[in-house]
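In the two complexes below, subunit A is the common chain; its partner is subunit B in one and subunit C in the other.
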Partner chain A sequence: MGLGLVLGLLGAGLAVFLAGTGSAIGVGLTGQAASGAVSEDPDMFAKSLILQIIPGTQGIYGFLIGFLTIQRLGFLGGGLASISVETGLSLLMACLPVGIVGLTSAIAQGKVTATGISLVAKRPEELAKAMIFAVMVEFYAILAFLVSFLMLQGVTI
Partner chain B sequence: MAVAPMKRLLVAAHRSEREELLHELQRLGVVEIQELDPKDLEEGARVVKETPGDELLSLEDKLGEVRYVLDFLDRHFPPPRTLIEQFAGSKVPIDEEELEKIGEFDYGEIYQECRRLDEALTELNNKKSRLQTSMEQVEPWLKLDISLDAPVETDWVRVLIGSIALRGEVEAASELKEAVPESCWVEVDRDRDRVRLVIIIPRDEAEKVQEILARYDYTPAVLPRYGGTAQEFYEGCQEEIARLDEEGAKVIEAIKELVEYRFQLRALYDYLGLSRDRLLAATNLVRTEKACLLEGWVKEEDVDEVVDRLEGRLESAAVQVRDPEPDEETPVALDNGPLSRPFEVLMQLYSLPTRFQLDPTGLVAFFFGLFFAMAMTDAGYGIMLAAICFILLRKVHMSPLGERTFQLLFLGGLATIVAGVLSGGWWGDNIITIKPLWFSPSAQPLTFLLLSFGLGIVHLYVGMALGFYENVRKGDILAGIYDQVLWMVLVGSLILWVAAGEAYPGLVNIAKWAAIISSVGIILTGGREHKNILVRLAGGIYSLYNVSGYLSDILSYSRLLGLGMATGIIANVINIVAMMVFQLPVIGPIGAVLILVGGHLFNLFISVVGSYVHCSRLQYVEFFGKFYEGGGRAFAPFAPETKYVYLEE
Partner chain C sequence: MGQEGKYAYAVTRIRVLETRLLDRGKIDRMLDARDAASALRVLSETEYAEVMGELAEGERYEEILGAELKRVYQVVGSFSPDPDLIDLLRSRYDFQNIKVLLKAGHLGIDRDDLLVALGSIPPDRLKEMAAGDFVDLPPAYRQIVAEAQEEFKSTGDPQLIDLVIDRGMYDYLYTNARVDFLRGYFLRLIDLTNIKTAMRLKRSRAGVIRWAFLPHGSVDPRLLLEAVREPWDAFGPKFAATDYAAVVEEGLRQLEAKGTLTDYECLVDEYLLAYLRQAKYVAFGPEPILAYLLAKELEGRLVRLIMVGKINNLPKETIKERLCDVYA
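Moving on to the complex of A and B:
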């Protein structure tokens, strides 16, 4: 297994690891707030769940990029690809946007959704507004995901 | 696509028919009652405000009691609620006759019974926790096999029962032996850090002994007075607790028998609530000795029905209807066709237009549906979404807001099917491969991006055109030219400049000059609210900076590509994983099916949430930012508001 392949793997790992960590923190923050709200009003459960899932998307974006990278490296069947160091580095680069922006935006978004929970606890009819605040942050994760995906598509193996 | 025209309604009736009048209005649910002030009426002296008084107080008391019973029952036997019910609410249908009958329901006995059971439970729990405290105190002394009420002091000796720290044990014993040789030291028990002792000493040496023991952290035992050993006491407590638990179970059993009245009590709660609402509404009325007067707003389309019903069913009612004054603010209800009506939700969440503005719901409906479909781009998910919404709308009784939202999602699902057929997405594009009618976003992401930008630009231009129209309608055509037309030219020419590139030098030239002229126009007019020429120019230059705002508005539509591709990629990955699992022996097929169903449902859920919210944002920020003011007060008709049941027609 050549260095290029290792670099590609490193990229896939970073995408999953960074974005996943961010989502875990964001979802965790929201979950804490949600438990508090549900202890006051058990009917908050369904609404809290929707808010809690929002910072989880970065982890999914990271997972997707990681998965597609592994697939292109040939780990999912079809034999390992033999790639140069440059190609491996390119794959690593392609993974960075979704990883890094995923990490930071999921944490920031988790804070927004956690406070969104208390907003919805006080005014259950304002769920949509709480979601819109959260989605303002989501946009940047989508952009990063998009760029990672386009970069990944652009690298020829 | 309009703000529904409103009429002002005036109703005068004999006071004896006040309750009938309000009841009829509540049933109709189409009139917003306005508060009247006697001071505003001409014959102020004879007119006073209607006051419901004691009747309202007694109703509030009853409501409190029924609430208490319901809370008490819910606390011990929580009613089961599904996730959907938590989200959409669940009310039971009931017809008015039945509800009237339940209004007679005598809950007094149940209330007293609940009080009694509640007190009994509290009493039992108090007793139990007292017993538990004593048990905790006795627990370390279970090996003490003397009667707990044995004398601790006689004429000659004193018995000390207590514990010292384990680490000082040897020293304490030897020091005590030395100082008071007659003392007797009996160990009862020990654990990790305490030794529990019975020490028998001559009574007149007590002070000396205490002094020594104090150095070894001596703590006297706290034991109940009881004619038996600690073990016996402990067992006695256990038996008593078991007996209390049994009694508690009987009480719970008794509560369980009351649960069967839950429905009646809930309906009664709503019945009383409706009566209370009528009394509260009555405080908006004014009255003389014999008559009462009510004013309110009603949609023009409902006027005839209201007038017919009131004059038909009330003997004394006299109804008058007038148009609003030219500059009078009315509450706002939107009036849209069946296809765009669900999208009124989006307006409600943002802000309603006033009756002097135009209602953009129809355009919002069109663009929201378009963008929602682009953000989903998968026919399979469109089918699932439309089907789920259809079933929910059929099966669950929802609040009007919930109903509109699901109707909106249903239409969004239909639009998504179209988008999916065009782009070839059927639960991803790697299991079911149907050739796209147009193009596949994952194969041509750049085309999709340009399409997003293009539709975004159309969206923005429609917004600017509406802004121009609003300015013209206000009579300020110059503001329309300065703030909208110049910008439309500038943004358009800049886009043309970039898009035409070197291929069409003639077009570039035109675009360049159009951009320069409109920029100069904006610099000259952008700061026109300032008097000073220099400040005005500076303001104009600053307002030209808004070009970056338009740029970021256009780029914002790239989210459609991101969302649309994310849906497809996630679906494909779910399929790949399911295929990999499928090859496993034995559990393969089942696992694959579970992953496909669970995975696609999950993806549907997050895609719908994401698309809904992102598309809302495109309306609120990018679109409304160009023309919309809002600020209308929502029409809030006096209607039956209930918690548990809803009235069937």
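Moving on to the complex of A and C:
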């Protein structure tokens, strides 16, 4: 197994690790807020859950990019690809956008959804608006995911 | 994650509790009630129901209010990430109890009915301490009480107990309020109380004693003294440059028209309420928790005003004039 392959693996790992950490923090923070609301008003459960899921998407984007990278490296059957250091480095670069933006945007989004739960606690009919505020942050995670995906497709092995 | 992780749960829980504060509609329905009993019935449809149980008679509103506040302090105290700040708010009731015990002690009478169970020290424990000349009190309290006792011994004036304890209390509150929001609240309360004291001293034409004004205020004590000494016409303009210009001006107008400070007090409550409302924009922090507790106390004052009015069969308009706004 050459250095190129190791670099590719590092990229896949970072995509999953960074985006996943961000999502865990975001979902966790929202979960705390949700507990606060549900402890006083059990009817808040369903609405809180919808908001809590939103910062979880970054982790999924990171997982997808990581999965695709591993597949291209040939770890999922068909024998390991033999790739140069440059190609490995390119794969690593392709993984960074979704990893880094995933980390920061999931944390930022978690704060939005946590306060969104406060909003819904006060005005239960405004769930849609709380979701729109959170989706504004999602936009940047999607952009990063898209760029990572295109870069990954552009690397020829 | 620091601030967010610490407050996400507590603030959201407070937001739900806020929705249960009495709103304008409930207050109006209490005002419209035929008598005290029906006003209490309106109250029993709210979160007060939990503590009302057997206390459904009109005259027992004081017990209901006490029990409700006690319940709220217990609930909020159970999940607040800053127990020290809750204790600071509670300490105000300790000082209130200490004043009662000191004065009752000096007069040799028993006024346990005036003790409230909201302080950080239970009234029974405080009574035991009073029997032992308060030596078991926490040091910060102890010093204030000693000062009050000394002042009383040298003058024999029980009124000085109130003044000295109040001064000590506000000093204690202000210096221990480590959160800017709470410190700002106490600062405004100190300033507005000082202005009220100036109005009262001026009206009663009593001599100004050195204990009269509370420490830490942003309004210069010299300005307050000048306001007391100079004619009424000069009183309002003295505070024109402060943040309280509107409150003072309107308060003076009402004082002239009706001869009481009740309206000024109401204006002060509304001013403080407007300050507390800033906490509505804080997503993660101690502010919403503190504002909720203080708003709950203000709400109790509103209910008390309505109940006193209803029991004395005052017309709706008379009671309404004295009511200030609600936080919700």
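Definition applied: the second predicted complex is superposed on the first by the 157 of 157 C-alpha atoms of A that agree within 3 Å, B and C clash if a C-alpha of one lies under 4 Å from a C-alpha of the other, contacts with A are read in each partner's own complex, and residues count from 1 in each chain.
Throughout what follows, contacts are C-beta pairs under 8 Å (C-beta built on N, C-alpha and C of every residue); 3 or more make two chains touch, one makes a residue touch a chain.
These numbers come from a predicted model, not from an experiment.
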Looking at the overlay on subunit A, is there a clash between subunit B and subunit C, or do the two fit? fit
For A:Leu3, is the partner it touches subunit B (first), subunit C (second), both, or none of the two (neither)? neither
Name the contact category of A:Leu64: first (subunit B only), second (subunit C only), both, or neither. first
With both structures fitted on chain A, tell me whether subunit B or subunit C touches more of subunit A's residues. B
Which partner does A:Val85 contact after superposing on A: first (subunit B), second (subunit C), both, neither? neither
Take the Cα centre of subunit A as the vertex and report the angle out to the centres of subunit B and subunit C, nearest 10 degrees. 40
Given the touch rule stated above, what does A:Gly36 touch, subunit B (first), subunit C (second), both, or neither? second
Now for A:Ile25: first (subunit B), second (subunit C), both, or neither, which partner does it touch? second
Between subunit B and subunit C, whom does A:Ile54 touch in the aligned arrangement: first, second, both, or neither? first
So, A:Ala121: does it touch subunit B (first), subunit C (second), both, or neither? second
Using the touch definition from the top, say if A:Phe139 reaches subunit B (first), subunit C (second), both or neither. first
Between subunit B and subunit C, report the minimum C-alpha distance in the superposition, expressed in whole angstrom. 5
The residues of subunit A that touch subunit B in their complex are 42-43, 45-47, 50, 53-54, 56-57, 60-61, 63-64, 67-68, 71, 76, 125, 128-129, 131-132, 134-136, 138-139, 142-143, 145-146, 149-150, 153
For a test of understanding, state which residues of subunit C touch subunit A in their complex under the given definition. 1, 4-5, 8-19, 79, 283-284
Tell me, which parts of subunit A touch subunit C in their complex? 25, 29-30, 32-37, 39-41, 44, 107, 110-111, 114-115, 117-118, 121-122
Touching residues on subunit B, where the partner in the complex is subunit A: 78, 81, 83-84, 86-87, 349, 401, 445, 556, 558-559, 561-563, 565-566, 569-570, 573, 576, 580, 605-606, 609-610, 613-614, 616-617, 620
